Amino acid sequence: MIALAAYRDALSRIEAPPGLAALRRTHLRKFLQAGLPDRQHEDWRYTSLAHLEHMPLHAPLAPTPALLALEAYPGELRAWLDDRPVQQDVPPSAVLGALADVIGAGALPAFGSLAPDSALARLNAALWREGASLRVPAGERLARPVFLRFAAAAADAMLHPRVFVHLAEGAEAILVEHFLGDPGIAYWQNPVTEIALEAGARLTHLRLIEEGPLATHTGLTAVRQERDSRYQALNLTLGGRVTRHELGVTLAGPGAEARLDGVFIADARNSAEQHVRVVHQAPHGTSRTLYRGLADGRGRGVFDARAEVQPHADGSDARQSSRNLLLSPQAEIDVKPQLVIHADDIQCSHGATVGSLDEDALFYLRSRGIDTAGARQLLLEAFVEEALGLLDAAGLRGWLMPRLLASLPRARTVEVRP
Amino acid sequence: MSNPDLQQQIEREYRWGFVTDIEQEPFPQGLDEAVIRRISAQKGEPAFLLEWRLKAYRHWLTLREPTWATVTHPPIDYQGIQYYAAPRSGNRPKSLAEVDPQLLATYEKLGIPLQEREALAGIAVDAVFDSVSVATTFKDKLETLGILFCSFSEAVREHPELVRQYLGSVVPYSDNYFACLNAAVFSDGSFVYVPKGVRCPMELSTYFRINASNTGQFERTLVIADVGASVSYLEGCTAPRRDENQLHAAVVELIALKDARIKYSTVQNWYPGDAEGQGGIYNFVTKRGDCRGERAHISWTQVETGSAITWKYPGCILRGDGSVGEFYSVALTHHRQQADTGSKMIHIGRDTRSTIVSKGISAGHGSNAYRGLVKVLAGAEGARNHTRCDSLLMGPDCAAHTYPYIEVKNPSARVEHEASASRIGEDQLFYLRSRGLGEEDAINLIVNGFCKEVFKELPMEFAVEAQKLLAVSLEGAVG
Amino acid sequence: MLEIRNLHVSIAGKPILKGIDLSLRPGEVHAIMGPNGSGKSTLAQVLAGREGYEISAGSVRYLGRDLLPLPPEERARAGLFLAFQYPLEIPGVANAQLLRTALNGQRRARGEAEIDAFDFLEFVQDKLALLGMDESFLYRAVNEGFSGGEKKRNEILQMAVLAPRLAILDETDSGLDIDALHVVARGVNSLRSNERAILLVTHYQRLLNFIEPDRVHVLAGGRIVRSGGPGLALELEAKGYAWLADAQTVAQTVAEEASP
């Protein structure tokens, strides 16, 4: 059923780095044996990738002219178009470079060990091209945010961006990943980002999915945190026909702290899925998961989160909050907030709600002279704002907010008050 | 906890572990169509029922045992089970005087008021011993109100039209592996029909007891509340201590028509196995209620302290506009017990409401999972659900999981889910002990407080029993 | 009644109390004052039997028995009561249930008959009146959703019901407004008797305006550095705790004052 030839062809076009060739073949073979995940699989009960089997998928053959203008980014930018580097602000450095070069020059010990053995992660491991590597030495703090921009411009292309991040002891950085593409074409981005944080390292990570309305995005972020490290993430899903992000965070060292925020918007006929797995492996870890979801039109939003406390991870503190709004009669929200606990000296909780905009609040605002559309907009902004606590400290509010506000579902009827 | 006499402790843990020495009607082990025909013939069933059993059996052969629950057990040898066991007293006794005195003594030990003179308790009882209903009290009195309360077999004989109309209408034979097996081989159970506008004046109760070894128990309960009727039904279960695992795969179907109300309470105390996980009942049960008319109301309350493995998800199909479903649960797992339990609320009608309150207690190596589904379909305008799901952990080796599924397709619905997990606070314990409470009393007080929202839903006598059961089941849980 | 001799206590290897000597006789009210972190609450918790403290030296005798090996519930049944600085919330457990269970535990320990729900209600009603508490308090879950003042009053209610021989009040005045303080003090004063000793642990002198102690002890750096009559509290109020900076040396010179 799946397009064997397309995958094999894609593999045959990859040369670098030479040391990985055998491994890539193994990954591809295992992927082809398992095939694309289907809805029989518990973690895929809400997602169908069947449409991918009917697309004439192919690896992008030649560099396409840059169809997408590069907008301004308030930081250091690396941009890819159809899995190939385009414009570079600065030459490659020891900190930020092509992953293939870094691996070619000497192995990254943790590379490939953080992502799970899932079918799509294997496919990425087989077919990623240059990739990006961000390595911050011990005790250093990057002055400016690093932006990685992955854009698609070729119809029916399958893209497998790969990012590896390593923050050595006490290092600090801000990373932004931005996924987007030509709104007129169908394509598939299947990125994998691995992040290793050594003791005391701090990473703020903003991940923005702003794919075109025909695009499929199946992304994965795998994070491993050592002692007292801190990972703060904001995951935004603002566009794409079928989007899915799997975020796996392992608190491997004692006292590690993860803050995982997110906003997802599923409108039109889109489906937007968030899968969050936090594993407390060591004592005294803290995790906070806070997502806000909106479904409008015929959209479907899915929030599936699991906090797992392993034996002896005493003093673990895991909290989840998921609030969701349904804005149209054809929209759907599915929520699956799970706790899996194997220790007793812990504090875990989750809260989830699904509802609509508060009618009383709407009325209150209207009674103050604000029209329905304006009132609705105000309430939606306030609703998503609860998940945006990272923006100010990271200095990213100015860059992100116009994009986010433009994506908020509009009121369909605008009431004109005299 | 220091305990000089562990053996005595264990003996105390399961007080209902005696075996009654009663001759059993012999029946071959294993399952095939012949066995099913024989069960059906033994009970003198009409052709439609035999057909239904056979359809279920053929379908069952195509199914595989589910594996998604967070429970583990060695494979079940379905051919090693005896699917029917009846105490050998010939036909069903006509009155209590004809009931085997040994059997009566058994129920005496269980504290079940079979004798009508003990009826001051105001509870009508149907007692199911292994596969057969042995006695039903208060039958005549209930009949004057038009209420039918009898064994399932009797209902099949006396009221086949009701059985035919409702059997399998909430839990079809194809529903799941264990419900399907039950449909093929069910032996007996209880049947309740409350006619239009009648409020049942007393609690109806069934006590289930597994006695024979190597026996599965597959009872089937059907409760129908006609328009405007109401009934409260209690179910209790015990079994002797045996080293092997015994399978209990029951099905309960509740049907509430317009403005009807059914309250179904369970205190499940099947033998849980010993501290090392040897023996105990596999309790794989399907329970579902159907609010078929407007403003129908179905409420499930369960206290699950027994069984080696509990696998059950009592749910409500909220079909009628304005109908209400409730689920209140306490599940306790100690030693090596495993529970995977929760509820399903399916909102179909407008302005339907549901409440889920689940309290899980894990001690020793016990594992406790809440698994629930709240589904709001597109037409369920104004639907409301509130779910509260708390876990209490006692000891470093126990486990607690929550797997809620929330699926909402109507924007006017409001669904709220809250969950927490924590251990008994040392501060709380110290506070109570500094007021003079012993450690076990302090734990029991805290645990009972933790479960209070559920206990208050139980009929009075059961609430007291449930508290005691919890205390007994937790003995030795803190050390 | 209570004899503390050379008590040394540490937590996780860190010494908190470094040799406390204190004795209380029936009918006496003593106050222990001291700055934050001086070990006041530790002393209260150790006396009530809180686990997690290492007692490296010293002894505590209560009514002629060795107190330290007893679990908290036995201390309580022997008439020792601690009013908590931060009373705990116990969800789902009604106040009345706690009070009656505790009272009956004590009565059983004394070989007395248990009190039934009806008699209990009668018994507890005047205690409620004394503290200006409504009967509805009895049916609310223990301290759940109580205001700070309500929690403290609830502690005194428990004390009134359990009628201890030795009552230790740990910062019962903290967080109370003046009206609530009046009520609490009235409750405590009504429990003063020749049979009963009371140990007030407090940071502020304010409480002592309403409950006059027989003796005042100043605890600093894990030691009692001064002891005296009620006047000592006023002196502290005027000067603050800063002048105790050289407490270690002062301790030697005033040690003899500590024993009456």
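Labels A, B and C are assigned to the chains in the order they are written; within every chain, residues are numbered from 1.
Note that in this section contacts are C-beta pairs under 8 Å (C-beta built on N, C-alpha and C of every residue); 3 or more make two chains touch, one makes a residue touch a chain.
In this text, all values refer to a predicted model and were calculated from it rather than measured experimentally.
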Those chains which touch chain C and also touch chain B: none
Remotest chain, chain A as reference, centres from CA atoms: C
Most central chain, Cα average position: B
Intercentroid distance (Cα basis), chain C paired with chain B, Å: 49
Centre-of-Cα separation between chain C and chain A, whole angstrom: 56
Rounded Å distance, chain A centre to chain B centre (Cα mean): 44
Contacts with 2+ other chains: residues of chain A: none
Contact set on chain B toward chain A in their complex: 68, 376, 378, 391, 393-423
Of chain B, residues touching chain C in the complex: 425-428, 430-439, 441-442, 445-446, 448-453
Chain C residues within the chain B interface of the complex: 48-51, 71-73, 75-77, 81-82, 84, 87-88, 90-93, 97-98, 101-102, 105-106, 109, 141, 158, 162
Residues of chain A defined as touching chain B within the complex: 42, 311-312, 314, 324, 326-356
